[in-house]
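We call the chains A, B and C, going by the order they appear; numbering starts again at 1 in every chain.
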Amino acid sequence: MSTCHPHPQGAFVTIFDNILERPLEPNLIWIFALEMQRYMQTYGITKEEIALVSVKNKRNALDHPSAQVAEEITVKDVMESEVMVAPVNRLDVSPVSDGAAAIVLVSEDVARRLTDKPVWLDGVGWNLDTAYWTNRDLAFPAYVERAARMAYKMAGITEPRKQINIVEPYDPFSYKELHHLEGLLLADKGGAPKLTADGVTQRNGDMPVCPSGGLLGVGNPIAAAGLMKVAEIFWQLRGEAGRRQVPGQPKVGLAQAWGDLMQVGTVVVMRVD
Amino acid sequence: MEGRSPPGTPLSDEAIQQGKVLTLEWPSSLRYAWDTGIAIGRFLEELKNGRIIGRTCHKCERVLVPPRMFCERCFRPTDAWRFVEDSGAVNTYSVSYLRWDASRIDDPILVAVIEIDGATSGGFLHHLGEVKPEDIRIGMKVKAVWKPPEERTGSILDIRYFRPS
Amino acid sequence: MGSTEHIERVTDLRAWPGDFPVSHLYTMGVAGERFFRELKDSGRFLGTRCAACDHVHLPPSIFCPRCFAALDEWKEVGPQGTVRAVTIAHHGVEGEPLDPPETLALVQLDGADDLLLHRIGEAQGVQIGARVEPVFKEPAERTGSILDVRYFRRV
């Protein structure tokens, strides 16, 4: 995206409705700010609670060899960073990045020939909601829930909060990690901030979330970001995540991506034997 | 994966801006003309008349604004046209210090999703006016401020903005 | 079952115009930077040679796309070359008629193994196998672009 001139954000004006929204000259960040505002107001969540996600992910990213914006920051730093589109501040947003990710998918017998620790894709799910985003409940990503249910059913997951050991939800903005955790049914509606504040989502917590540092800490190559998360879960389940490794030998992980005009949810459930 | 920094030759912003490296700018001359279709065509025509129109889905018992010719929930064609109010409530809002191309502005743009009275579940994106950012509230009642009839062209901008009512 | 609403009159049809409002700013890369600087400053073409494949790549790159070896052997190629393929375009990028039509060719510069796409000027009767040479812009007009060569013409 870095070739877009004068700024990649300008290219995203094309995702809005051509006729009813582009004449209003929207900036991409508007959708996130509007959604974040609704999420905060519906559940009484503060900016400080949301800022903890940026703090966690940017710190986690210090251990990632490809991290673009890893750093040690505080909630105060987030609150005092430049207001872009209120309530979104600069440190609530992932950066403009270029990146790529690749995975190799093979059949079962090839996998067993190639390695003694294959990672299985047990479940996949996807859902596309209406592009009329202004008619949807912005406080809850229903398309993520439907995608998650599809993946859980395929993977035989009946109690996700107990059975999923490690999660990489899509986190282009700090509040999005929380929003998506709730959509994935891994937290109650409005309950994800408390999990963060209680340390449950830290690497050494009961349910590590974005141990890689996520998009907020590593970078956001947008179209490659989903696969980036699948790759992270792969390394984590095989114990190959180096300094980012979540302790306790996680067996089941989940990667989730999101896209377009707040409408696409995709979920992958992965497992090692 | 561990221990290797990503390969490549880094370039700084200055190197590009000061012409220390060669660059090529390709202006995309991509132009489009989208058919507005039946629903949005009528919606725009009614905006020119100073009115907001929606479509009903009898099965889901919904009044859809913006209008569409099929209901995306039950996949039936929608049933009838229905005029709705030009007033509503703020579903969510934000205060933008960025223009569409990420350039900064000091005088922020106030933007909101307006739930239109008479429509079910929401409405559309628009600007707010005649209000200070700190006074905006979710649930705040608003009314459309229209351009005078002779200035309307059949566009979402025929409404200048929504103001608190 | 489809909708029963129809647009009856052509005059009721509406179209909404739009565009793609950003441009793209590209840098040339390590090999490209050298290739285009050489073209701009000295009017010379450079390729890179892969010793393992015995192949001179044009435009040059810092790795061989065939065997992935790192390449650091730079070689001047051309300026003359041989036409390996030629065509005449009667319509432009946006479908507009070109008057006069434009002749385009794939030229193999002497010493290079890959072909270079460019325009042929003074093009009457140019055929495959024709020997051609570049016609450059004046040095002051060059910007470090493939268009620093105006066209190729028969020797």
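One rule holds in what follows: a contact is a pair of C-beta atoms (placed from the backbone, for glycine too) under 8 Å apart; a residue touches a chain by one contact, two chains touch by 3 or more.
Fair warning: this is a prediction, and the values are worked out from it, not measured in the lab.
Central chain assignment: A. Criterion: smallest distance from chain C-alpha mean to the mean of all protein C-alpha atoms. When the interfaces A-C and A-B are ranked by C-beta pairs in contact, the top one is A-B.
Once the centre of each chain is set as its mean CA position, chain A and chain C turn out to be 41 Å apart. As a whole-number value, the distance joining the C-alpha centres of chain A and chain B reads 25 Å. Among all residues of chain A, those that touch two or more other chains are 5-7, 10, 13, 18-19.
Counting partners per residue, chain C has 16, 18, 20-26 as the residues that reach two or more other chains. Residues of chain B in contact with at least two other chains: 25, 32, 34, 36, 44, 100-101.
Chain B makes touch with chain C in their complex at residues 9, 11, 16, 21-36, 38, 41, 44, 69-70, 77-78, 100-101, 154. Interface residues of chain C, counted against chain B in their complex, comprise 1-7, 12-28, 30, 32-33, 36-37, 40, 94, 143-145. Residues 1-6, 25, 32, 34, 36, 40, 43-44, 64-66, 68, 72, 91-103, 108, 111-113, 121-127, 133, 138, 155-157 of chain B are the ones that touch chain A when the two sit in their complex. Interface of chain C with chain A (complex): residues 16, 18, 20-26. Here chain A touches chain B in the complex through residues 5-7, 9-10, 13, 16-21, 23-27, 29-30, 33-38, 41, 65-66, 82-88, 130, 132, 134-138, 235, 240, 242-243, going by the rule given at the top.
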